[in-house]
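Given below, in the form of structure tokens, are the structures.
You will see two complexes here that share chain A, one where it goes with chain B and one where it goes with chain C.
== the complex of A and B ==
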């Protein structure tokens, strides 16, 4: 074989190998290499949606109470970084945001990644960046900011480390606040810059979350929280809750729990119950404030009015089960009016109304239970979700024909708000309908949204159903007004204002039985200019484990303090002024 | 190929006289067209090169725009973050706690109970 032929053969062999290899790569492994190339050359980024801000009303103007801020995490590579310089510059810049000890950071220099500070604000981050330290870099992130601190914490909730809203508005309206992330998928170059070349580029813009405006008035909310805090100290009770409603729209003007917490430091809360909004999430027995609903039901069925009399013996028996009054003074024995039963919160009076509802003087009948349930549950919405834009507890109201032991005594107890579990918001919304002419409004905490800096108000509120007639409503306002004025309460309200209300003191169930050493106190009332329709409804709850709280002694004074604040903030003028 | 010369009838008459006269002997003279000393192939090559350069230039220009766009987007993100910072600062400065703890508030006297004046 000549050298020429050897050369030709060699060249052909090499070419055959190359062609074969190319065939293998380009044809047989086409898909795999295409995918690898695409992975190398394609930039796929999530375009994060900005979480909506939360506003409260400041008079008639919305003001931001929850915002977003860019913060930075400071990361150190101990292998590259100079301990002295880093500790000097970073330590000085980040202050209390430092989350690591410098000796620990540099104890193992083989670590290449050590987070030394979190939540560092821009100014501090800029100081660190300007120092151009080797082995130190910054990673930006978004953080929720609560400039009002603890204000309305149980209403607002918080956003956890995963960016999910928890509790309150942050949790319940997470879908509206979070928005929808977008997507960027393009060809990129070696510098990771998105290039417009390529015919498969995708850019789906992010949809930012809604900026939600709450109905809560920032200043009123602050005053309510101040009062709850000071009354907690004065009365010596650990837990107080309050809600202020506009009875003519269902708007929640203030909703507060004491104690609260700072949503920015939600992780430092040691007792998880601090997150609970007791107004909407904590069903309890509101006690005698429910006599309002019992007597309104009695009026609706025409079986009683304020002057109807019954025989009070301080105790009445239902299926041999005694029901006692808290007030057992001799002056209350004998024939008494329903107004007196309301004034002195006589359980015998409300039980008697249940009997009358059933068409009997002496027995509780199925008809009586059904009529009470029709109003309690179906009209007033007790034991039902109200529809407020917050996490709600359902509670429970026993059905009238439930096959349970002691159904009659259960219903007798329900006439004065025991043997049932309801939330404060259920009671407050129902009470608002009793005093506003009989119109039930779904309670709401959302006033509208902010769009491009403009306040877009929610649609006008319409009542969702009628609970009682105008006539019954007017009579109940009068009964509530008389009850508030009666007995020890004279002089609570300045002239020109028309304020009514009712106390409630509930025994507490422990291990399935009512205990004697603990009661919870409630007061609910309405107010406004004398001669006009009510402008506010306030409900207060006071309680502490192992303590006896009374509606008259503990909840009423809180209501009185709140009433003054509400009248100031809402500028409720006395009649003739 | 050697260049061919064709002579028109008019030319034939003018140069060859009546003896060469014949009917329908119209002829056209074809001569290779060149641009100076450059061949057509070279011209096509140059044109292809120019078009290629234009394509590359446009591609580069598009990439330049992409870089500019990226810078602008970074700038927007930076400004948005600064705007958010300012909004947060404003909210902090106008918060109730800030107002209560301000030096102005410290110098204020407690308010008195106010009433309404009859109209």
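== the complex of A and C ==
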């Protein structure tokens, strides 16, 4: 073989090996390499949905109280950027948002990525963008802003660093507010820039979250919070909560806790109980305001009326347990009307109504317990979720035939709102149905949505069930009116208005037993134009650990202050005007 | 044996132009991506078609060089062998000196200075050196052969000096193992085809291998390359992996012109050394086999030309060019397909780049010119015998001398005749 042929066969052999190798890579291993390519070339990006904004009513117009703002992170590529120019332009624009030292940023010129400022506002970011600096880029991010500051903080909740809603509306309605992220799946270049190459690109646009309009009236909410703050100082109690309902729709017009917090700086809250919305998340014993429900139940079963009398002996015994009136001793002894029992909150009176419900003068019977439970739990919804669009606590109301020690005593206590755990919203919604003609509306904080700047109202509210008859309702309004009037420190309700209400002073359970040195105060009432149906229901709670709060002394004055504000804001006109 | 000038080997001409055109198409398709990658990474401001226009210029210059080399008479070119060699060596030395003083004229990357930066283009002196080597060695071998001194120091001394100085400059000074390998291929192929006895050839291969082992062991980065070849730890693993991804995703028919994703920055040197991988992605198995086929046919035509050229020197020149092109094609493709450790070397006529394309085109133009003087019969040459008897071996030197004598006479006659053309 000539040497030329040796070279020829050499070339052919090598080329054959190469072709074989190509066949192996391109045909046999094709799928493997395609997968590897896809793994590094595919850009899978979520297209973030914009979180819905939250509005409150300002009169009849929604106004934003939680907004999204775009903020920017400034990133520098130290290999390409010019230190002097960047330090000057960026430094001037971002001000105190700078998070890096310039000398440190440029200490290592081989770095390609250095975050120099965060949370930079749009105007400053635009200044930087206009300078067109090499090696500087901006990354946008959204942040919640609260133009009303701390307003309704426990109702609104906040959004944490992961973008998840926490507490309040942000938490409970997170699904609606968050929207649905979209998906972008595309071929990308080595710098993560999407390419138009390829036909398997996927783009599912994000569905932005709903802009939720709350039923809360911004101005009323402001005033309610101001009143709670000033009353807290005046009365010397640390905690106050209040809720204002429209009894004819179940809409919450104001809902406030004192003290609140600033959702923009939610991280600075040291005690997480500040996040709690006490109106919906904190079951407690509302005490004598529940006599409203007991007497309404008695009327419904026809066993009593406002003028029905009973014998008050200051104490009455249930299975050998004494049930005392709040004012122990010789007070209003003898035959008294139920109205009097309501006025002066005689526990013996409400206990007697429970006996009558059971068809007895002297004993509490199963029938009595069952009837009370039918109204308390099944109709008024005490110890049940109301269905409001917020995180709710359930509370508890003992079942009538529960096999527990002292069931009769428990039920006797329940007639004046003790031995049961309910939330303010449960009581307020039930109370609204007692005074509005017997229609139970699910309490709600959502008035509708904003779509493209237009307010889309939620469907008209319909009562979910009837609690009491129109007649009972009318009688209860009168009883509540009379009860309110019976007390001096009520202050006169202005002429032309019709306001009724009931106090409650509850003993408090600490570590499983009632304590003597602490009581919580509640007041619930309704009001409106004289001769017409009620236009508002207000419930107030005042308490502080280790302090004695009284319904008369502490909750009632707060109610009075709120009542004026509510009539003002809702423009409730007096009769004859 | 007398030959008359006849038509050139069309196939060589056509394949050269076809390969240049394919290269231009690929650069047109991926040039914008390259510009994008460079702009993003280094803040440069290359226009979308910057690389295409540059390559168009390169290809045009290459065609001019090709045509010029085809027309410029070899009998003049052959006299320039020593000049070209001297120029190549001189430029390499100059580059080394300039680099030593940190001159801006010396273009370095990662500590290896292989190019002159002339502003408008860069010049790789090693490519000129290759050309010079081919011409010089062809002349040296032919002369010594005619004098019957192919086994004497008169041949081996200059051969060894020129070769080792060249390799020292390229492999040690410029740290360019790829180009060095190409030179070794040229030297060995020409020595092989000189007709020198096998044992001399084998001994030379042995010496070069030994030197090669030393060169590799003495340089940790080369040792590391060899040791980590095929493993993920290798510093080249990313490059090879992405070359394989590009080739592998091409499948049977490729993703089509302009749809290469690997060229958008994943694959380093996408327009230069890695252009074969991008072509694999773009044109698929079918396309690559066609390209490999083009190269194979071209290389075989070169070999055939060498075989039919009656003149020793001319034949050796073609052999040298054949070795040069083969080394580039094989080393580049084998690197890209993971058959051998990654070696930075261009793919002839296809890679983006000035000097290498220009000189390869010129070399092929020269071959095309020489293809006009092939004879009808293959030349007589040394034959590798399976077994040599002692008595035959004793005759070998005599035969060789006789053969040389006859060829010398023929050659003198032919040159006289050509002058009369």
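Assume the second predicted complex is superposed on the first by the 491 of 577 C-alpha atoms of A that agree within 3 Å, B and C clash if a C-alpha of one lies under 4 Å from a C-alpha of the other, contacts with A are read in each partner's own complex, and residues count from 1 in each chain.
Basically, contacts are C-beta pairs under 8 Å (C-beta built on N, C-alpha and C of every residue); 3 or more make two chains touch, one makes a residue touch a chain.
Treat the numbers as computed from the prediction; the structure is a model and nothing was measured.
Participant: Is A:315 in contact with chain B, with chain C, with both, or with neither (first, second, both, neither)?
Facilitator: A:315: touches no partner chain.
Participant: With the two structures laid over each other on chain A, which partner does A:218 touch: chain B (first), chain C (second), both, or neither?
Facilitator: In the superposition, A:218 contacts chain B only.
Participant: Using the superposition on chain A described above, determine whether A:25 touches chain B (first), chain C (second), both, or neither.
Facilitator: So A:25 only meets chain C here.
Participant: According to the stated criteria, A:195 is in contact with first (chain B), second (chain C), both, or neither; which is it?
Facilitator: both
Participant: What is the contact status of A:204 with respect to chain B (first) and chain C (second): first, second, both, or neither?
Facilitator: A:204 sits against neither chain B nor chain C.
Participant: Let me test your reading of the model: by the given contact rule, A:573 touches which partner, first (chain B), second (chain C), both or neither?
Facilitator: In the superposition, A:573 contacts chain B only.
Participant: For the overlaid complexes, name the partner, chain B or chain C, with more touching residues on chain A.
Facilitator: In the superposed model, C touches more residues of chain A.
Participant: For A:63 in the superposed arrangement: first (chain B), second (chain C), both or neither?
Facilitator: The answer is first: A:63 touches chain B but not chain C.
Participant: Regarding the shared-chain residue A:238, is it in contact with chain B (first), chain C (second), both, or neither?
Facilitator: neither
Participant: Which positions of chain A sit in both the chain B and the chain C interface?
Facilitator: Common interface on chain A, chain B vs chain C: 189, 193, 195, 197.
Participant: In the complex, go through chain A and note every residue touching chain C.
Facilitator: Going through chain A, the ones touching chain C are 1-4, 6-8, 11-12, 14-15, 17-19, 21-23, 25-27, 29-30, 32-34, 36-37, 40-41, 80, 134-135, 187, 189-191, 193, 195, 197-198.
Participant: Inside the complex, what are the residues of chain C that reach chain A?
Facilitator: That would be residues 33, 36-37, 40-43, 189, 192-193, 195, 241, 244-252, 258-262, 264-266, 280, 284-285, 288-289, 292, 295-296, 299-300, 303, 306-307, 319, 322, 326, 330, 333-334, 337-339, 378, 381-384 of chain C.
Participant: Of all residues in chain A, which touch chain B in the complex?
Facilitator: Chain A reaches chain B through residues 63-65, 67-70, 121-122, 140, 145, 147-149, 151, 189, 193-197, 218-219, 222, 496, 573-574, 576-577.
Participant: Which of the residues in chain B end up touching chain A in this complex?
Facilitator: Per the touch definition, chain B meets chain A at residues 59, 62-63, 65-67, 69-70, 81-82, 84-85, 87-88, 91-92, 94-97, 116-119.
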